[in-house]
Every structure is written in C-alpha cells, then in structure tokens.
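By letter and in written order, the chains are A, B, C, D, E and F; residue numbering begins at 1 in each of them.
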Amino acid sequence: MENVTRVEIITDALEMREVCALLESLGVSGYSVIRDVQGQGERGRQLGDELTDVFKNSFLLAVCEPALAERVAEALRPILQRRGGICLLTPARSVRH
Amino acid sequence: MSFDLLLTNFLNPPILFFFLGMAAVLAKSDLDIPQPLPKAFALYLLFAIGFKGGVELAHGGLQPGVLKALGAAISLACVVPVYAFFILRRRLDVKNAAAIAATYGSVSAVTFIAATSFLGQLGVVSGGYMVAAMALMESPAIIVGVALCRLYSAAETGGVAHPSLSWSHLLREAFFNGSVFVLVGSLIIGAITGARGAQALLPFTDGIFKGVLCLFLLDMGLVSARRLAGLRKLGAFPLAFATLIPLGNAALALLVAKSLGLPRGDAFLLCTLSASASYIAVPAAMRAAIPEANPGLYVTMALALTFPFNVILGFPLYYSLIQRLWS
Amino acid sequence: MSFDLLLTNFLNPPILFFFLGMAAVLAKSDLDIPQPLPKAFALYLLFAIGFKGGVELAHGGLQPGVLKALGAAISLACVVPVYAFFILRRRLDVKNAAAIAATYGSVSAVTFIAATSFLGQLGVVSGGYMVAAMALMESPAIIVGVALCRLYSAAETGGVAHPSLSWSHLLREAFFNGSVFVLVGSLIIGAITGARGAQALLPFTDGIFKGVLCLFLLDMGLVSARRLAGLRKLGAFPLAFATLIPLGNAALALLVAKSLGLPRGDAFLLCTLSASASYIAVPAAMRAAIPEANPGLYVTMALALTFPFNVILGFPLYYSLIQRLWS
Amino acid sequence: MSFDLLLTNFLNPPILFFFLGMAAVLAKSDLDIPQPLPKAFALYLLFAIGFKGGVELAHGGLQPGVLKALGAAISLACVVPVYAFFILRRRLDVKNAAAIAATYGSVSAVTFIAATSFLGQLGVVSGGYMVAAMALMESPAIIVGVALCRLYSAAETGGVAHPSLSWSHLLREAFFNGSVFVLVGSLIIGAITGARGAQALLPFTDGIFKGVLCLFLLDMGLVSARRLAGLRKLGAFPLAFATLIPLGNAALALLVAKSLGLPRGDAFLLCTLSASASYIAVPAAMRAAIPEANPGLYVTMALALTFPFNVILGFPLYYSLIQRLWS
Amino acid sequence: MENVTRVEIITDALEMREVCALLESLGVSGYSVIRDVQGQGERGRQLGDELTDVFKNSFLLAVCEPALAERVAEALRPILQRRGGICLLTPARSVRH
Amino acid sequence: MENVTRVEIITDALEMREVCALLESLGVSGYSVIRDVQGQGERGRQLGDELTDVFKNSFLLAVCEPALAERVAEALRPILQRRGGICLLTPARSVRH
C-alpha cells in the first residue's frame, strides 16, 4: 500500500470543468467527481434546484502523492476565492491495481 | 387593467399550478420535484416551442413585416441592458449592475411560453416568428452586459484582473448555451421539416404541451417561493428595480410594436419578452464571465420577483394596455 | 369470484406490467427504473387523477349523495385504524401497532388508480367525487394512529420520552405531505378550471394516462418483489394481518356503501380504498412522528403484500361480491 | 444510392435532432441531457416498440413466413459474430475480438426504431413480427462471443484464469438484461392484450412516439460525438472494421431476405438489424463476462461510428439496394 | 492551511433537515450534502427505490474546528440512536478562500 | 468514540454488486454507496452518460475496525486489477448509536 493524500474539493458545479483542467495540467492522473451536491456556506444555501446549475456544488476527490497534493491546494486558492468552496487534504493509504 | 383579464389569467391551469407550488413552500409541505425532472420539462418545452415556431415560420415565410419585428426584438435586447445598467449603477457596483442589466435585457423562455398560453385562453393568435424573436433576444444582452462591465470596471479598479474570459469563450457561452441551442436548433429543424413533417409530431409538441407546462410551473412555484426568504436580504433598491423595470421595458416594447404595426398577439409577446428577465441563459453565462457578480442577486430578482410579477399581474396589465392602444 | 373477472383483471396491461416487474426481480434481471423516474410517474398520476376528479366534481356538484359518500369515506379512515390497532396490539408493541394501524387506515393512491383502470376494462363508470374521497382518506388515519400511540405508550413505558413531534408539525406532515398536496391541489384546480378549461389538458391527463400507469406498475412490481425476501423475517402474524385485514376493511366498506346506496363503481372504489394500505403518505409521516416504529414492517407489509394482494386478487373478488349484493 | 432517399432520411426530424446533438458537442455547447432522462426515453421506446410489435404479432399470427423470417434472424445473429471474430483476430487479441464480434452480431434497438421511422417517411409498411426478430437477435451473439472467447483464450494463455462467470450467470446476463427484458416483456404483453386492449394505450405508444425518439436521438448525438475524440486513439483497423462490417452484414441479410421472399419493409429492417451493433445489451454482458476486453473499443466503435454510419448513410444505401433487387 | 476536522454523517434522508438545523444551532458555518445514498447496516438494506424516501440515506460533510466537531458528534448521538446511521471524525487540513 | 478505519472504494458501477458481496462475506457489517460517480483514470474518462452504466463508477464507504479494513483492502486487489479503480484507508473516530 502507498501513502497518499486525499484531496477533496467542493465548489460551484459550473466551475468543475475548470478545476479538472487545472488538476490535469498539474499532473494529477486520476480523480472522481460527484456532480450533484447541495451545500451551505458563506455564499448562502445551494439547493441545486435551479435549471441552470447556478446554485449547485460538485465534489471532487483526487488521490495523489503528498507533494503534488500541496501544489494542487495552492493552485486552487484563486478559484476558491472567486467561486467559493473548500479544499481538504487528508493523509491516507491506497491500494491500486 | 380589466378584472376579466386578471381572472382569465388566474383561471389558466398553468398559473394555478404556479400558485400551488408557491403554496406548498409557504405551507412547509415537503413537496419536491427533484432534478433532473424540471430539466426534462424545460427541455421538452424548449423543444416543442422551438419546433412549432419553426414550422410556422416556414409556413409564413420571412416577409418584410417579420424581418422588421425581428430587428425590433434584437434592438430591444441591445438597448434595454444599456439603460438598465446606468440605472443600476446608481446603487450597485459595476459587476452586479452589469450582470443584472444582462439579466433584464435577455428574456425568459418560460414567461414567453406562459404568455402564449395566456393568449390561447383569450383565443388570440400570434405569429410563429415570435419564437424566432425570442431566440434572437436571448444572447445579445449577455454580450452588451459583459462589454459594459469590462468598459467600466477597467475604469473603476486599477484592476488586479484575474485571467478574464476570452471573447470567443464568451460568445460561445452566449450563443451556444444549452437551452439556447435546443431552442434555436428545434426552430431550424421545425423550419426544415415544415408542416407536413410536423404532423407526426403534433401529439407530442401540441397534445401534451399544456400539461407539461402545468408541471413545470408547479416546480417554478416551488423554486421561486423558496427564494422569497432571500429577498429581504437584498435591500429595497433591487426589489424596486425588479418590479418597476419590467413596466418600463414593457412600455418601450409597446411603443415599438405599435409603431411597427404589429398585430395584437405579437405585440403582447414582444412586450412580455422585453419585460421578462432571463434565469436560464444569462446566469450560466454570468457565472463564467462575471464571477464576482452575486447570483443571489440577479437570479433571485429574476426568479422570485420578476417572473411571478409578469406572470400574475404583468400579462393582464400589458394586454389591457394593448386593448386600448390597438383599438 | 368469477373466473371472468379474474381474467379481465389479469389481461389489463397495467397488471401485466406489474407481473413483468416482479418477474424481472425473480429472474434476477438487472432491470431497474432509477429514481427520480418513478417519482415522475407518481407525480403525473396524482396530477392527472386529481385534476380529472376535480373537473368531474365541478360538473356533478356536491349533491347530498356525494356528501354522504365523502362522510362515509372519512369515517372509514378514522374507524379502521382503531380496530386495526387493537388487533395488532395482541402481538406487537404500541409503536409498531400504531404505525401499521395508520398504514391500513389510510389509502393507496396507486391501488385506487389501478382500480379505476379495472373498472374501465369492465366498462363501469364511477363518480369523480371518489377522487375527493380518496384525498380525504389519506390523512385522518395518521392523526388517529399517532394519537393511539401517544395514549398507549405513555401507559406502557414510564417513558424517557425524546422530544416528540408537536401536533402542529404532525398535522403538517399529515395534510401537507407532498403527494397529498399535489393530489388535493390538482383536484381543486380541476374543480376551478371546469370542463371547458380541461379540454386543452385532455391529451395529457387522459391520453397518455394508461401508458404511464403501465410504466409505474412495472416499477411497483420491481420494488415490491425486492421486498419479498424481507417478508420471511417479519413472522407469521404480520403476514396474516397484511392479507386478512384488507378483506375485513373491504367488507366493512361494502356494508357502508350498500347502506348508502352507492352505485356499483363507487362502491367498488370505496371498497378498494378501505382495503388498501398507504405506502406514500403514511411512511413519511410515521418516520417523523413514530421514529421507533420499524418501516421494514409497515412499508413492507403494505408494499410487498397488501398492494399485490388487492391488485391481483382483491379487485375481482370485491367486484364479484358487489355483483351479488347489488343485483 | 438515390439522392432522394438520402434527402428523405436527412429531413426526418429524429435524424435532424441527432445532428443537432452532434453539433452541440462540436460547438462546445454545454447542452447536456442528464441521466436518468435518456434512460427514461430508452425505457419508453423499448416499451412502445415492444408493445406495438406484440399487438401486431397477435393480429398477424405466427404464419410459416413469419417463422422463417424469425429463424433467419436468429441464424444471422449466430453466424455474424463467428466470421467477425476471425476477421478481428487478425489484428486484435482474443478477448477484444470476441467482445467486438458479440457487439456486431447483436443488434441496436435504437437503430431499428430509427429504421422504422425512415420507413414511415417513405410510407412503406413492415410486419410487427420484425420486433420479435429484433428481440431474438439481441442475445445469441453474446453467447457465441463468450464461447469463442473461452475456446480460443484457453489456447492463447496457459491462463491464470480468474474465477470466470458461470454459464448460468452468463445466460442470465444475455437473456434477462434489463432492456431485453422490457422489450420481450412488452412484446408478450402486447400479444396477450391484442388490438382491442391496445386502443387505450395508443396515444402513449403511438402519439408521442416520434417526439420521444427525437429527444432520444438528440442525446445519442451528444453521446456519440463525445466519443469521437476517442476514435483517433483506436487505430485504423477498428475504424475500418466499424464502417465496413455493417456493409457486409447488411449484404448478407439482403441475400437471406431475398431468398426468403420477405417484403421490402421487412427486408430493410432485417438488413439494418444485421448491420447494426449493440451498445445496450452487449456492453453490460461483456463487462461481466469478458472484463479484460476494452469497452473503450467495442462501445466506442458501436456508438460513435457504426450507429451514425447506419443512421445517416446506411438507411438510404440499404433501401436503394432493396429498390433495385426487389423490383 | 488550517487544521480542521472533517465531520461525516450518514443517516436517514428524511432526518437530514433536522441534522442541518442541529449543526446550524451549534454554530457550524458550512456543510455539504449528498442526498441519494444507498446503504447497508443494522436496520437492513436501504435501496433508495421507494417513492417516499423512507429507505434512503443522505450524506453530510461538515468541515469545522476540532473542538466544535467533538460537540457536533456528541449532539448527534440521540439522532443516530433513533434513526440509525453513523458519524465519523477525521483530522485534515483545509484551504478556504 | 471508537477508533475505526474508513475504507473508500471507487470502481466500475457494474462491479459494485460484487464488491458488496465480498464485503459482506468478510464480515463488514455496514456500508454506504453513492451510485453515480464520474471519473478520470488510467482507463480514460468515465462520463456516466451511457445507457448501460458501462462508463460509470460508484463510490462505497465502509467503516470498520482497522484489522478488518486491511483484510478488505487485500481482498479487493484482484477486482481493482480487473476493473480499475482505487481503494483508500483512512483512520478516523466514529460515533454510532
């Protein structure tokens, strides 16, 4: 098993495409996305009930080596500032194929 | 405004279902129409209205009168956001003013559809080309709004500009937005198909149309009532703007329609288009193009105030004006 | 029970699709109708049945016969949970007995809709007010069940009561439950709209009704067959209760219907309503009001036993009794 | 291939909506039809086509001609994957060759439905039993493909075989796959119900059919255009195979149809069935039975190449051949 | 980056409204919710296939300071007892705007 | 509160039934599943837009004692090899009823 860092990102659903592009540009090789997430935060309630996904969040989990995870977190800061949301780093161990 | 018109509007099932949705939220019912069902209703409505509009357009042809009306529609969509912006600037910062201006310059497809249903109740006909007018009014305001924003925010801040959206990306957001794409695409397909080919689609595009509209407005009632609580936080100016600007936009459109000699039904639709505010095409584009603007402001105003205002009071009001001016 | 009636019922496409759904689970097919599609079907069915019922109600008016029938319906919904509770108490604790009693006192809208489809096969008419009867039977049993629970569980435990639901919250759960809200709201809107306005909705509310019912019952077949495995764990008493109490409730309703002189179709519907068990309105309310009761018990009984029992055997049985008693 | 046929095909709204979907992806529109809506459309289409086929089958009866046609359909479904496998083996490993062979031996229900819509445009009738033919062609190729895989991969590897799927599990995957189940179930229910009972379902199964087909093909356009980018990675051989093998399979089916003396409409449908590749029933089965095969290969080929190829060029081509051979 | 605690709560979907109210009353400023979660536990299988969401779970993630997280976990205990489910605390580091 | 291990599994949606069976056979008493997850990994993009869920992932979270978690991770290896995906172990503390 490998020591890895779980990077969790919750932000505006419409921003996720850009977040994925950012991750890929930083060399993250894999990630998983849950598209429909509701939430509460500084920007108020996100009910996800709008036709355009303006009040909806998405959740992304990327597992990568610890050093890369730090870089990802740093690079996300401007996006989180602009659009809101949160990024979490947690150490974990992983099994891959 | 005649009481009869108000009543005709109120007794239209889609409007009643809109009230039912609002009532459910106010009564704290757990009624909920989970996504993607409302998206399915919206997809259907855009498809049906676009397709039928296209078929009628093909049938009627692009006569000079039609071209004039389309030109007027586009002009309204370009002019409205400009004056709206300067009104809004008196109280709001550039970004929010621009986003709201774009919202009110663009149009609400659902308001348009509800307006055709109101005409149907009255037995008044309207031209299929008005769907094309609606489609043409969706995007220009987005461009105008962003242009105003860039022009004036360069002046406002010295500007630690974050990487801003390229114009090509912006045009794509404005013209290729999913719902605009379905609407315009269906319009073109309807025009290609023509009346003969449309026959086989009639039970779908016409038969079940009003029923789906009822369910969609039920959801709209839920969604806009949920936003009512947030209205208090907005402050008096946005509230006033959201209910007064439709009147101004409607009046302007009426003048234009009258001067072009549009028939009543078409004048009414142009008027509701102008009075309506977008909460489908514009919000998606604004999130990308002016991310600092607050959707809690421009979406809430369009959805929780202007939409119900137009649909409940605006329709009978605008039509009673037309009855006077056109007779 | 005549073999003809059994066959008529079996050859009704919705019932066949119910069997198809059950067969899919038994054959371990991966067939699945993911949420929220079943919710969409249910929303549509409640909307359509409510609206049509309202239109007919407006047409027929609230004659004395209608009021008597509605009164009888409410009475049944209040009486059934009481005797059900005392039967259930012989083997079950207060909370579960109360929740199951509420389940069987209330009604299943889908059973009702399937019953109207059965009548349609036979060419028997029924009154639009029966939809109102159904709507009125949804909620009272919830109140009765919770009242019984509170009365008797105070006695049972000394009671480390956790903060229990306020009555106002409970009434909201009972009367403003989402599906009750749509049903009653559509009924009222249908009554306001009346026959003329309903015309435009006919292709939606009538045309595609039976087709959607087929798809919904396909899903019901899947869902109830999935629960069959859980039946064994329930024990003999709940199994017996779930198949015998409908007979008792149906018999009681028949007596009431006969004594009121209801016509056949309406008597049949009242009878199936009384025999049916709620798995939409009641479970949601019970989770909130009696959280200690086991939904694995009351939902499974209603869904995996009583619903199929009524729909497959109950309908022809009840109708054959009516044929004898009414002739 | 006559230009008229091409045009007839292109002007069919469902095909135009397929193009619209592809255009949306190419124009980078954010248009999206979120799951489970496409699943709902597919469920509806399988339900409607199955039910209508069953009704017609009951009406026409199982005449000797019908049985011959059904036998031919099954034979094609068994033979095609065998020769496809050996062609594919020249460049691909056993597992991928087997999975692709199964894909092309089986059929695409959506292609079939689009083909019936094409016939409708031309005013050509076809027999309801062809739906049964389609249903019978779904599963055999799965069995043949897996059998070929097991036969030849034992030879290829010494084989650190991971626990492979039992045959009983495999048969279940092949015959009780959800979409096959709905199709066959609806067919049987339609046959049981017969014409009289089907009347009440007509507005659902017929009225809105073409409209739903349009929306479904809009989504198919989106989905297959999204896969186009992945085509380049596949290499030349799969590309060539995906566009050439349909021609071979269609030619074979034409010969068979001609020798059996099938009427034009039925010959055309058999031909498109044979030319089509499965992307519903087979992928699900292959993921379970041959997990090492790459779905990025067999699904992409079927979805992004063979489906558009058949629907856009194949239909007019096959039909023009029939016009020559049958006159 | 801040040291925070991830609080994960999985419980009955119908209970989530109450859980959110509880969190807000305790001063949790943000959280995210995934509404449709299936599960297996003491109370049997939750397939989420029912019309009423009686057999459905939801998932909530709240990121907050460690001390608050402990209070949240304690306050949740009666709800979890009544309705089932689970609450997890994991230390993590977060980036916010 | 108990010390536990969060076991997170992301793999092919069609494989989840088998994964659940495996977990149950190993004695895992509870788990939660999110069915619709998109992803990016070695096997390319999983958009979840196909009718058959062939290009879709699911996410499973099982909370169990640390020793059992190790056994689960080991037992999953062949499935992850065959079907792709990832398994993560993270230490946490849990409250149950």
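FYI, a residue touches a chain if its C-beta (ideal position, glycine included) is under 8 Å from a C-beta of that chain, and two chains touch if they have at least 3 such contacts.
In this text the structure is predicted, and so the values were computed from the model without any measurement.
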| item | value |
| --- | --- |
| Starting at chain B, fewest touch steps before arriving at chain F | 2 |
| Labels of chains that are neighbours to chain A and to chain D | B, F |
| Chain pair showing more contacts of the two, D-F and E-F | E-F |
| Copies chain D and chain C - interface residue numbers shared by over half, same or different | different |
| Rounded Å distance between chain C and chain E, as computed from the means of their C-alpha atoms | 33 |
| Chain centre separation (chain B, chain E; CA means) in Å | 39 |
| CA centroid of chain A to CA centroid of chain F, Å | 19 |
| Two or more partner chains touched - positions in chain F | 34, 36, 82, 90 |
| Multi-chain contact sites of chain D, meaning residues that touch two or more partners | 35-36, 39-40, 203, 207-208, 284 |
| Pairs of chains found to touch, sorted by chain label | A-B, A-E, A-F, B-C, B-D, C-D, C-E, D-F, E-F |
| List of chain C residues in touch with chain D within their complex | 11-13, 16-17, 20, 23-24, 27-37, 40, 120, 203, 206-208, 210-212, 214-215, 218 |
| List of chain F residues in touch with chain E within their complex | 1, 4, 6, 20, 24, 29-35, 61, 63, 90-97 |
| Touching residues (chain side chain D, partner chain C) in the complex | 35-36, 39-40, 43-44, 47, 51, 172-173, 176-178, 181-182, 185-186, 189, 192-193, 197, 200-201, 203-205, 207-208, 284 |
| Residues of chain F that touch chain D when the two form their complex | 12, 14, 36, 43-44, 47-55, 78, 82-83 |
| List of chain A residues in touch with chain E within their complex | 10, 34, 36-42, 57, 59, 73-74, 76-77, 80-82, 84-90 |
